[in-house]
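Each of the next two complexes has chain A plus one more chain, namely chain B in the first and chain C in the second.
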Partner chain A sequence: MVLVLGEVQTTALRHSGGIPQGFAEAALALTAGERVRVSERPISYAVSPRTYTGVDCTIEARSGAKVRGVGTLMGRASLTGGRVLQCSVVARLEPVPGGHRRAWSHYLARLGVVETLGRTDIPGTAAAHLSADRSVSTMGMGAFCGGLVGRIQKSPVLDQQLPLRVRRTVLRWAAVVNEDAEDPKVLFTVREDGLREIKLELAAPGAIDGLLDLFEDLALHDWLLTALLSVIEQSRIGVEQPAQSVVRLRPAVDHLLHLWMPAARLDEFGQSAWKALESRPGLTRQWDASVKRIRDQMAMAAALVDRQPERAQLFR
Partner chain B sequence: MLVFAASDKGGTGRSVTSCNVVYRSALAGSNVCYLDFDFGSPTAGSIFQITDAARGVRKGGLHSYLLDTNVAPTGEAKRIDVWSRSARASLRQRPPGSGKLMLFPGDEDGGEFGPDKEALRRCVHLFQALDEEFDMCLIDLSAGRSYATQLVLEATADPALRGVTARWLVFHRWTRQHIPAAGGLVYGPNGILEVGVDAGHDRERLRAAIKFVRTAVVDPDSVELSGLRPAQVAWLRDCDEDLRNLAATWQVGRSAVIGTVPLDPVLQWREQLISDDDVVARDIANSSTVEAFGELSRRLAVDDDWIGA
Partner chain C sequence: MKAHAEFFESAADARVESVPLANLSVELGHFYAEDLREDEDFFVDHFRRIGIWYAAARSAYHGVTPKGRPRISTCLLVDDYFDTVEPPAVLVPKLLTAAHKAGLEIDYVVRESGCADPVPAHSDPESTEAGLSPAALVEARLLDDPPPGTTGARPPARETGWLCNGQRSGGSNGTGQEAMKRATAGWSPPAENAAVNHSIFADIELWREGPDGRLWSCAMLATAWQLLRLGVLRDKGRRVASPQPIPADLPDNWRALPLILRVNERAAPFSAYRAMTICSPKFQPIENAVRTIMQQVAVDPAVLTQITERAEGEQLTLPSKVIDRLEYLFVDTGPVRGAGPG
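Now for the complex of A and B:
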């Protein structure tokens, strides 16, 4: 059994509008001399070069059993639509016999791998990673990921104006590669404390990039939906006059609505995983309903705009 | 926007006023949070009536978020949703149209601490992340010249927070001892301005971002004092005049004041949030107190009241 663990943090870029591709490249240049990859279709997208950090830490399984882990975490950052920033961290755990740490050169030759020294409870480690409190994270993945977000958000090319205020979302995932597994199984949960978790079981490991693309795409759309719902909540529909609510809904129209494109950049494997998620919890269904609600509010405000009191509200 | 609540002396009403101000902002629809940076005695939990965090939390509060030496596992600071977790029934009915009201508690076994590069780095990250989420983050600092104050001055001077508005409220009582103390905390040696300039702030801009709040003020003309004899009222007026002159000499005078909270019978008795119900239905708190909290919450967000900041 092989275990790949990761975390994705998603947030609005600290910039008032979508940023041009050149700015995106400057903001995402995490590693000197390495290129930021960009694409324009079907949606503008830029991804940073990979960056790594060394770890030598204790990894705890759900049972409380501990094992020492040594190696490197891999991180990357991406920007979708010039607006949504995502940072990802990932590591493949590989149990090795014997309890001795090797020279760093050994670990540097296997970037993105953390070797666990001794017997390792793979399912228990996956469970511990997913169920941990938000204030702790396996191997310090959360701190590394948050550090990347912070670094990019302070980039001098950004004007520091937030287009809308939403909490950063944190999605933790665990992919267990189990040769005996049949069809890939994917389970997406939103915990009570807001943390998102995904458990994926699959038979063949595939490329890490494919996994990262999948989880980032899920995290992206989950964030878009979360942000949309929060804008709707803050628009005080039913509390305010329709014209006022529409003004408050504007950030959704300006910054969110055009970004919904589930699985647009994913390979076949990613597409099938999305399909499984669409039947339950059905992100697109909720998105469509929310977008319809916004359009209805706008239509109603437009219809009322010729009535004097409403007009005064809108143009005061 | 970040709002720092400071005072030179303890027991000025800094925490109670701050809690009530964020509560008023949330009622008005803003998403707000309260960060308990009074590491020695984190009491915000008791003001919001969070039963299991009355004196901070056992694990994962702001103190350990900033200082836990075990760097690797640090994720996020613990947060408590006041609307759903307060023991006060009237708070648990979150009114429609209100904003988030979140408490970031301190730790039970916190304590003050000294300069720490890693704590500064984490503090910057914390403010940056919370500013992405909240319209206003109010940070309650401990009384006097604490390292917490230096820490946040250094954090707000960091380039990562250059786009984030930061404002200061300095609380003091309306007495002969408190007025010079408040002035000294801002303008005096090792005061906010001096430490701020050392941290990289522009002196004039920082100065414009600092305003004073007078707490538990007795107004000689108020109806509550209508039972006093004319000689007593005249004497109170003289005292008040005296204090106003004193405030002017210490640069704590009218133009530097952003709010005045009257002495309130409920607050004198207990540290708590004052709900509209306490004023209207139960008639135990004064409406002028609630108005003062509301006014302060509004003025915090009015840029014209903070010109130059």
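Now for the complex of A and C:
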């Protein structure tokens, strides 16, 4: 069994509008001499080169059993629609027999892999990773990820204006590769403290990029939905006058509505995982309902504007 | 029937350019700047001594190359960075003639300053877009060897311009309260991360800021040199500094020359699957420093995969660790710095 652990943090870029491609490339240039990859179809997207950090630390399973892990965490950052910033960290855990750490060059020949030196409780390690508090994480993955977010948000090309107030979301994921597994199983949970966790069980590991793309795409849409709901809540529909609500709904129209494009850049495996998730939590169903609600409010406000009595009331 | 439509945009493509590769690159000795001022006889003696071992290396590779004759190229690095040396118009012919008299052929001459100078980003020499220097490319890919207890939340402590292979001794570095605390707690020994029983701790100076900007250390430039020889450096996916033919008129200034000068037009490629250095044992500390740095260079995995696949295509086995592709022969090459044999 192989275990792949990760975390994705999603937030609004500290910039008042969507940033142009050249700025996106400057903000995401985490490693000198490496390319930022950009694409415009089907949605504007830029991804940083990969960045790594070395670890040599204790990894704890839920039972409390400990094992030493040595290797590298891989991180990357991406920007969707010039507006939504995501930082991701991932490590593939591979148990190796024998308790000795090897020369560092050994670990650099397999970047993104952490070797565990000795017996490793894989399901228990996955469980510990997913159930940990928001403030702690396996191998400090969360801190590494948060550090990337901070580094990019401080980029001098950004004007430091937040386009909308939405909390940063944290999605932790664990993919257990188990040859005996049948169909891929995916479990998505939103915890009380706001942390999202996804457990995925699959038979073949596939490319790590495919997994990263999948979890970043899920985190992106979960964040978009969270942001949209938060804007709707702040607009006080039914409490305020429709025109007031519409003004408060405006950030959603300016910054969010056009970004919803589930599984747009995913491979076949990613698309099937999305489909499985859509049938139960139904992210798209909730998104569509929320968008409809916003449009209804706008239509109503527009209709009222044309009627003299209401108009007088609205603009008095 | 299900239609398959996929978007491909070239800028979204992560591919890296490939470089021509020989089986083996052999470096025919090291010279300090003062040795480069010696006369032709000095070099004939040097190359005769090296030639014995070069022949051995060649025959060793004839034995292990499965398909036909191995492609072997030879090279020399000229130290024009730390000291003034004779102009190319004098030094290059002197080296080539001496090697020829000793029965050796030099294929490539490389100027050390080139490892510190920005290389045009495109292989096109007329391009004005400046890339990074090979040394800066190496620095960008350094990934520190983590001491036990390192997590993503507690990255390894860095001393600006230095790189070590473990934990520095307590009480001897740092500033402020932390250093005070350590000083009163007494000395604690340094520790090598990958120690086998006892530590062999190395702390390598990478660069220092001088009046004329950054001065790279010899070890750092030599690391860039070895990685160029192994064909693993890329700048934004593009190859760095392809060899250029020797101009008909050699300039008086080394910096007017390209980084890699091809002096033998029939030469096998400059970069190679493996690289061997034949030099005096006096250079062993430098090479140890190079290896300490190289142990911590995270070469682009896409480049590693590309080279591994090409080696497999030629039925060659290649060590997965880049550092294991370097070999050395530390032998008596005659006087070094006028101070007798190594």
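Going forward, the second predicted complex is superposed on the first by the 305 of 316 C-alpha atoms of A that agree within 3 Å, B and C clash if a C-alpha of one lies under 4 Å from a C-alpha of the other, contacts with A are read in each partner's own complex, and residues count from 1 in each chain.
As a working rule, contacts are C-beta pairs under 8 Å (C-beta built on N, C-alpha and C of every residue); 3 or more make two chains touch, one makes a residue touch a chain.
Not measured: the values here are computed from a predicted model.
After overlaying the two complexes on the shared chain, residue contacts for A:Ala143 are found with chain B and with chain C alike.
Of the two partner chains, neither chain B nor chain C is touched by A:Gly64. When the two structures are aligned on the shared chain, A:Leu162 is found in touch with chain B, with no touch to chain C. Of the two partner chains, neither chain B nor chain C is touched by A:Gly98. In the superposition on chain A, A:Val55 contacts both chain B and chain C.
Within the superposed three-chain model, A:Asp133 lies in touch with chain B and out of touch with chain C [touch as defined at top]. In the superposition on chain A, chain A positions 55, 57, 137, 139-140, 142-143, 147 are in contact with chain B in one complex as well as with chain C in the other. Across the interface of their complex, chain A is touched by residues 7, 9, 11-14, 131-132, 136-137, 139-141, 143-156, 165, 193-194, 234-237, 294-301, 304, 320-324 of chain C. Within the complex formed with chain B, the residues of chain A that make contact are 11-12, 14, 55, 57, 133-137, 139-140, 142-143, 146-147, 149-150, 153-154, 156, 158-162, 165-168, 170, 234, 236, 238-240. Chain contact summary for the complex, chain B toward chain A: residues 29, 31, 59-60, 65, 71-78, 96-97, 99, 124-125, 128-129, 131-135, 158-160, 162-164. In the complex of the two chains, the chain A residues touching chain C come out as 31-35, 37-42, 45, 52-57, 68, 70, 72-73, 89, 101-106, 108-111, 137, 139-145, 147.
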